[in-house]
Amino acid sequence: MTNKTRTKPDSGKRSGSGAHAAPLNDTLLARALLAVRGKKLLTHIGLILFGLAMLYPLLWMISSALKPEELIFREQGLIPTSITFENFGAGWNALRHPFGHYFMNSAIITAGAVVGNLLACSLAAYAFARLEFPLKRFWFAVMLGSIMLPLHVVIVPQYILFSELGWINTFYPLIVPKFLATDAFFIFLMVQFIRTLPRDLDEAALIDGASHWRIFSRIIIPLSMPALATTAIFTFIWTWNDFLSQLIFLTNPDVHTVPVALRTFLDSSGESSWGPMFAISVLSLGPIFGFFLAGQRYLVRGIATTGLK
Amino acid sequence: MTAVQVPPKQALPQPVSLVPDPEHKRQSRRRRRRESLTALAFLAPWFVGLIVITAGPLLASLYLSFTDYSLLGDHEWVGLDNYTRMFDDPRFVKALTNTAIYVFVSVPLQLSFALALALILDRGVRGLPIYRSIYYLPSLLGSSVAIAILWRKVFGADGLVNDFLGFFGIQGTSWVSNPDTALGTLIVLNVWTFGSPMVIFLAGLRQIPASYYEAASIDGAGKIRQFFSITLPLLTPIIFFNLILQLINAFQSFTQAYVVSGGNGSPADSTLFYTMYVYERGFNAWQMGYASAMAWVLVLIIASLTAVNFLMSKYWVFYNDK
Amino acid sequence: MFHHKKRIWPVLLVTGALTFSAACAGDDSGSGSGDGGDGQVTIRFSWWGDDSRHRITEEAIALFEEKNPDIKVQGEYSAWDSYYDQLTTQVASNDAPDVFAIEIRRLGEFARRGSLADLGGLVDTSDLNEQLLPSGNVDDVQYAIPTGANTFAVMLNRAVLQDAGLEVPDDTSWTWEEYLELSAQVTENTDSGVYGTQINFNDAYLRVFANQRGEDFYTDDAMGISEETLADWFRSHLDLMEAEAAPDAARSTEIGSTGVETSLIATNTGAMGMWWSNQLNAMTTGSGEEVEVLRMPREAGADTSGMFLQPTMFWAAAESGSHQEAAGKLIDFLANDPDAARILGSDRGLPMNDAVLEEIRDEMPETDIASLEFISAMEGELTDPPRAYPAGAGEIPNMLQRYGEEVIFGRMSPEEAASAFLSEADNTLG
């Protein structure tokens, strides 16, 4: 069955291509090569300049984190005139627990959310992408519709629900729903990815007598590594940065997460601890950036898409 | 879709019989029922979530949209009052206009950036992971509270943009705090976070079987031709997904405007977004009934736009599984 | 070839199980006040603020628990911007904390909707400042105890004023006109980028402005300010900008949007501004210069300064709480115990308990003593503190800012803005 993807393009529609033009003489070839290299260089210069604009905010944040607090707003430049690591120490120990505690809480919630989304959304996505069942379009619309309502008008009913369940100040309200595929965005994402996969494979497997579970776990999942990585990365980042639901469901500072704890540095009604806020903000980028770096390794062509051996 | 040149499906034995044979009919009915049951099993977690977690609060907010619920205290049925009230509410109209401008300007821009860079980066540029990471950084920062200060650093009266304009002798305003330009800076902020759709595009590009390109090369199709006959058509489901995703996200955009404007749509409501107004009515003015009604109108707006997109998608989105 | 996926499923499931058990661990500190084992009660106590406030409040809680071994207090804090989102959700869901901080804008609404417990009999109020205490009284019930007081005043960065070669004005007699002239002179005498003062749409400023004309900010259920006064107030901002006493509209809005740390005074780019007296410390730290508190200027011929003692915030207890006695004990401790005051200092306003103040005065930081002296010197000049606001008052500050911005950007005339504001406010209040 594995060889069935090695199909050939439809040769009937082939048309003349400029790529095979007249033979080139040597100087022309050299010049062309040079042009290609020049073009590549230009691309890189462009990409780097563009990258600098993208990097500026991070540099600025690091620079602010390193400035003594009173200089953050008085001093304009990117390069601090004096460097201090005070903000990091002060920020780390500013609240009831050292910040490591909040990082751990965020990590638990985020890990749960990632696992939950990967499991539940991929299952649902397979059904929508590959199976036929009654009212499929209707359920698909319901699925998409469920993410269109702003959180602000459902958060109070949600609070009442979770409070009835005794889940307030636990991580359940932030993890359990993910195992029940309430992040419908990711179902949609995976449906779209699965639908880019040729159907030949699973149809062949079906005829060989494989069950849908087998097709799902043995064919679709391995072929969908980029989609799963994307889901994991996005879930991680969204959950890590999520504020409102964590704020509402986690009121006890023992279970606070990084974003909730970070906000307590800012008090628009009084004094704000900008220095520690910048310092911890920089630190809190670490896990998400690290996860992104780790996850993007899976954004390479998977075993399946490079051809099956 | 005539230009699409992708491998056709292998000739597979089709389970559908052309002869109306009762034995076949029964078989296919049984097969369909079995498939439905399988689907139910795959959808089980989602169904449970829908019924236990999503549906309750959703329906509660729908019900409350017909009441004068104020968060504290009792509520009374007021019929369609909350819905008709929107038409006479100039701030609602303002919020809707701001959001519409924001969505229809920033989403196409953001997606074009994302697609263009994904395509450039996917051409095997050396150091791809580094570029990809750098371009993704703004998306990580996008909802940070630090963004409020950062955006002033860039678009403030003494910000980078004005420093740059100063070279040309142009005296800039405080772009973030001018009612004529504040919305523009939020659009820039959204475009600047093009990293997320870019990553999804890159993932989509990586999902295209390499065998297609190999085969096309053997057949002598050039790069450009390969792009139009393989890359683009096979990427359309992902483009479509990104479009829907960003559309919904942009309509619900809250955090960035909230953080940058200080939570009140300042200056002079020029950055008052739809969901910010919903939030303000609900949690600040304690008119949760009205807020719920606005939220449901938003659902209607997004849903109809999404529906239009789904209808249109027949003409330009190509699914490989057909 | 699919070998690596075989490892993925167990890994996912194990991680899932782990996070679930970790989530269970969080359960130990679950919400809900209740009875502990041996007759001990647990109450929840919620407030807003920054990290230093959280630290000292938790210290005070520890001391309270030491003095009341049968009561356990679970502190819950959040940032100001999100405090009411959290509190309102909890109150709406019948899960309110037993004791919580609240400010005057919301006091009336919470009290009148039956969410607050009557503190009469639960808290000893005999030593509390008599002028301030009634501000926590709604419809003749003491629903809330003020945590302390401050006052809205002009602050002055001496260094900037000296750079401009100008003298500190006599604040006992200065008028709005003099304030404008002095500010304009500062701008003129200094480098570009340094200004006399900054635009301020704080409702406290309007309250002082209206008081000087004998008008109340609110009546029982509506705005008490006349359209004319409001239009004049809006115009005063235009005048400041036109005289270049303050930065232009866009820059003013930018400066006004991020708080104390980015203010002109704190960044040494301006001489004056109007702030709450308890922000003196932040101003001094931010600028690194000497900052002075001055009386607000007066309307020529006004017979009152219009300035008032403001209850910084209040302590309140939930009506739904099942341990109101314990809640009362905690509030009593926070308001009356000198040891508590020693820990809390003037973080929630200058203590307004005479007995307590006497004890801790020597330990107070310099800026606190300065604002305390300022307030004592003004005794007799200050009008009564505001009473609980009408319902819907929580929206008024944003509304003022919105119409103020319409005016300074020239999109509405002061008169148009005043009339539009009043009609919108009338629809909101009540």
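Every chain is named by a letter (A, B and C) in the order it is written, and numbering of its residues begins at 1.
Following the convention adopted for this analysis, a residue touches a chain if its C-beta (ideal position, glycine included) is under 8 Å from a C-beta of that chain, and two chains touch if they have at least 3 such contacts.
The model shown is predicted, which means the values in this text are computed figures rather than measured ones.
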Reference subunit B; chain at largest CA-centroid distance: C
Pair of chains with maximal C-beta contact number: A-B
Rounded Å distance between subunit A and subunit B, as computed from the means of their C-alpha atoms: 14
Distance from subunit C to subunit B - Cα centre to Cα centre, in angstrom: 38
Subunit B, residues touching no fewer than two other chains: 71, 149, 158, 262, 283
Residues of subunit C whose C-beta touches two or more other chains: 81, 85, 92
Subunit A: positions in contact with at least two other chains: 119, 155-156, 179, 243, 263, 266, 268, 274
Residue ranges of subunit A in contact with subunit C within the complex: 2, 70, 72-74, 94-96, 105, 108-109, 111-112, 115-116, 118-119, 155-156, 159-160, 163, 166, 168-172, 175, 179, 217-218, 221-222, 243-244, 247-248, 251-255, 260, 263-274, 276, 303, 308-309
Residues on subunit C engaged by subunit A in the complex (per definition of touch): 1-2, 5, 8-9, 12, 15-16, 18-20, 22-24, 26-27, 29-32, 46, 48-55, 58, 74-82, 85-86, 89-90, 92-93, 95, 97, 259-262, 266-268, 278-279, 281-282, 285-286, 288
In the complex with subunit A, residue positions of subunit B that touch it: 5-10, 12-13, 32, 35-36, 38-40, 42-46, 48-50, 52-54, 56-58, 60-61, 64, 71, 120-121, 125-126, 129, 131-141, 143-147, 149-150, 153-154, 158, 160, 192, 195-196, 199-200, 202-204, 206-212, 214-216, 219-223, 225, 234, 237-238, 240-241, 244-245, 248, 252, 254-255, 262, 275, 278-279, 282-283, 288, 291-292, 295-296, 298-299, 302-303, 306, 319-321
Contacting residues of subunit A [partner subunit B, same complex]: 4-11, 13-14, 17-20, 43-44, 47, 50-51, 54-58, 60-61, 64, 76, 119-120, 123-124, 126-127, 129-134, 136, 139, 141-150, 152-158, 161, 176-177, 179-182, 184-185, 187-189, 192-200, 203-204, 207, 212, 216, 223-224, 226-227, 229-230, 233-234, 237, 241, 243, 262-263, 266, 268, 274, 277-278, 281, 285, 288-289, 292-293, 296, 299-302, 304-307
Residues on subunit C engaged by subunit B in the complex (per definition of touch): 81, 84-85, 88, 91-92, 109-110, 113-115, 193, 247-254, 257-258, 392, 394-395, 398, 401-402, 405-406, 409, 411, 428
